[in-house]
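A short write-up of the structure that comes next.
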């Protein structure tokens, strides 16, 4: 909560489906559990369908709704634009908002192409010179166990990184009769498993190790190339709500790469792993120890300290809910675990604190571009039949 | 969210520390994710310290604050009184509220004695005859995995219950230098590990099996009988913030009992289990299968179906986040797990739906009394040196 | 293996079913992986059925077979008698063997009654004065993870013991149609789940903590009182191989007790826990840390060190296969786990080393009697309706 | 055990270190727990150092020892040659043995090069025409959980394979001061992590899915290029037992590939994963379900059946010790788990049964060549900078 007299931060959000709901919960909740230096005010949400966006505004807790993101950006009472739309609109909205002097929080992946992402970085740099800041929503960085992982790497407790193995496994497309959605349309989504979920594990690998990938080799695959068109889909793309339509993105991506420090990293992203609902797995092996995380047990971090006596060395199952832990002490007593949405609240907290301090929030658009370059290199490798592609 | 024109339900909450925070989050959040038949309005919170309760009201989202629970009960705009105070005040507040025609949600344990609990049940029955209802906050019932466990027992998928083993393990008193608090003061808290956490596993055992305990034998223990008095404690009890003071409740309780259907149940509640932060473990073995739950992995339920072919039989690790699961489809996609606080939101949802339907919400005060009788029998068994005590 | 010129130790084994097989594998295997100070010679196995015992001798690797245990004991080339028969014969055989100057390894439980066990202890003490030693086969002590647990307690890394929770869960009687066997016949087996499997967890609790139980309260239950008589059963008891026969032992036992140092211990033994095949679970919580073990993952010990920094404290999952670990370095490289039977080999190794050194092997008959007294106290408590029973 | 009159199978083993110990335990143990159609006789072990091989013969249970493998092959009482030497000698010994009319069991990897492996396959095919058979020791196939995995795939319970992810993680080289050994010498070992442990997971992936890899892209890495020379090493290679020497093999390998059926497979093999002792992990995702295995819990197989009702679907934790399971009923009761060495016993059992039946045992040398071709393709891909390499 903000102390009386705290300056406000007017928020405008574009988009209100899955990500919009998660962001709204975060804006509503952050001030209840954290002392924020700026008091967020949920001013306005934008969407194309007037009735729907009005209903969303009421349900999600926004003061008003508008049917044009341009209108939202133009408002004086909006200090920050929160972009929760599909990837094909990120560049246009975010750049316009920054040019209008609004801070931006943009959902990931930053853009649908490297070129768009580069334009966004350029816009962000120009804006930063004027004290206006942009961040990209790689929210899983804000899971306490991931923050702790980063902290341990920074403390040198893992030593030099030798290996990263990162997987993002889901199963919602494993059934060939699962319907089409905008996430399977290359125009809207840019890419499939690679950009939607692979992007997360690339960002996590780079964030936790503090190292960028310098090259990759990979392969994309679309296992199911036609899927039923649901009635609800027609509104989005104009296709009829019957028959089947083409899947134009990848169902799965596998790749490996080299980290700047010389370590090897392997990646897999798929929506075809029956029984794995949202398994984000990250393992790091270094010269002094190892880390392991699985989002299916998101409140845990596993840490092997190779300096422990051999007799009692073993992966430590750390329940990351202590006051000593990242974001600890703000929620519930130890052991009373957090859920998916809390990472969004932490994202808001960190963002607001950085903005109040005049600091560049993280991950920046440049960080988002770094991920985009990896995704692009994987696509080019796959197109070329799996060969190595350097990342500039 | 409630549709336009939905009748409102004015809420007044008494107490605003740990439980008050959790309840507030639930009242704020429930209408955002569920279509409620009554629209909760967070009217007023009561506490003795005017400045503190005013600050709490703002932080927690209550319209107003008052310094007297009697005043809160007297308000016309309060339809439901949410009692979040220590156990020694439950009976007085809840009975007064019911007599004033207010619905009541009372934190557990229902009371500090069977006599108080019986008086509360009597008041609840009188109120119910007038359409005013009371419920007790055994919130862990609202964890989706626990609801699924109950559902499977009801479906007969476990068969007749042979065994329950239930443990609630914490470690916040394992350090002998951990300070005193009201939870260690028999006057305030009624009992220690038994009433605070043991009550939860007794309720879960009775809820999931659908059977009451008919008798128990048990033993209580206070391992550390003097603890440092923290400065913050003085305000509560008048003792100086220095030296040590007596622990007048149990540190740990162990007991076993018989279920109405003939099964055997074992229980343990302790705050001395180093490394176990909030480990609520429940296992049920029946004639057709078994269930296992541990709150340290609260989004999981483990189910063994003895009718599966032996070749492929095994405990199924069910990630309880599918649309088919209890409370499923209201939050996030499958695999995007929930946290501790969500059970409080579910409690509000179920309560509001029952009140709107004119139904008795569960767990009722009678359910709370059933737990209280078990706790009382354990205390009497322990006082008598561990012998068997029938539960009427 | 023994060096050339190593003195031999002639072994005679009585009984050759499940336990006889496990002991034979141990006698065969121990010299292959360990340098033993005495070279075991598998001289003779005894059983009542001449053809069967002859076949068993060949299969199990014994030089000869006899149809009388008295004959086996009388042989000059037998230095140690390994008693693998049901509990009703332990006292007679073991006492006779000790009187004949033979070392004895006797399967658990030591006897079917305290009186028998006391007579065996007396015989063992008389024998010990002449350098003849007796041990009882609580084999699970020899699982490396259990030995490591004991070592950590001895090193003070757990501090004072506050809690033990011990369970032995199986499911082979959960099906009411599972047939009768001698293990369900009180005459033969002495007791049911309590004596067969409960004995193991009582011994493990006392061994790992180094403390005896001073009293218990408990309850036994026979859920299924009649079971089908299998054809193979007739030979054992004279009953026809049809119809049903009575189960005269307990199906399950629950009890709690007090350790000599003041800690609380809970126990459960059952063959009705569907899905748990041989789940021996032991948890110990002390003032400085905790231990957890489950035989379903027998190569692991979990250790929480409360002196670790809170930021990185967590249960350590120790893979107990390093050279630094008990029995480490004799088998395979780290991580190449052991199985059930290896504990029997370790038992042979420890026994032979103690005998060669003229030391009393452990667990002694006195240790076995200590377990027997606990079982007896549980039975008396159950008979008396669950009250407390002191253990002398 | 073999019935009286069972024909014998004379065994000669070449090499007696780690693998020789494991194979010896298998030859000793198999007849004790399984009814074999041929009775193995442990005739002779060969090694270069006369004293050492004589001591090994006694310790490991071989009747005699010789100092020349040629002499061993020449013996009339040897029917099968068990090759347990480093990979550089496999081709010469195995081909000579086959030409001499001896069955061959050859440790993996089959050879140090594809050319050698092809020669071995040719020799095996010529021998097979004369009823003499050869098999390669990919022992992990004989872990019961792996056999069950294969059985479930064959039954169609996984459907078409979409994904395999296979990892073999160890940590014994993670310490840069870990000494040199023959396994780090390309001359002796052929390759490093790739051939030593990667070979296993390649074979497991191909065996469980029943599909061969059609192409791969990969990268090898040697993180530590100089290591201390231990005194014991001098004898092997002539180098002094001081200073450091070069590591000429890979420390780690990462690669992905395409299965014949179109699925994607990822692989990683490393000895630098601190805390992972012998973690062989295999996951398979198909159109109807998923499988997961980790050798750290070798008695378990996890199976997700996508045809289960969503309410109760979850990975089933199958304890693979039931009589219905592969190799079930021959060892101990359910839940009394097996260890590393049991897979070697199962290998002997399957081999002897196939030889007695005149069947080609598996994995054949051709299966071993198929693995070798994958390893070779990975090396070529790595040499070429990570590009795709088709496998003929």
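By letter and in written order, the chains are A, B, C and D; residue numbering begins at 1 in each of them.
Everything that follows uses one rule, which is that a contact is a pair of C-beta atoms (placed from the backbone, for glycine too) under 8 Å apart; a residue touches a chain by one contact, two chains touch by 3 or more.
Given the structure is predicted, the values throughout are model-derived calculations rather than measurements.
The chains that touch both chain B and chain D are A, C.
Looking at A-C alongside B-C, one finds more C-beta pairs in contact between the chains of B-C.
Computed from the mean C-alpha positions, the centre of chain A lies at a distance of 35 Å from the centre of chain B.
Separation between the centroids of chain A and chain C, computed from CA atoms only, is 54 Å. Chain centres here are Cα averages; for chain B and chain C they lie 42 Å apart.
Counting only residues that touch two or more partner chains, chain B has 276, 313-315, 319. Taken in their complex, chain B has these residues touching chain D: 148, 151-152, 157, 301-303, 305, 308-319, 322-325.
Every residue of chain A that touches chain D in the complex is listed here, in rising order: 162-163, 165, 167, 171, 174-176, 215, 217-219, 221, 223, 252, 254-256, 258, 262, 264, 266, 268, 270, 272-276, 283, 285-290, 304, 306, 313-315, 385-388. Chain B contributes residues 1, 18, 22, 24-25, 28-29, 32, 58-61, 170, 172, 276-279, 295-299, 319, 321, 331-342 to its touches with chain A in the complex.
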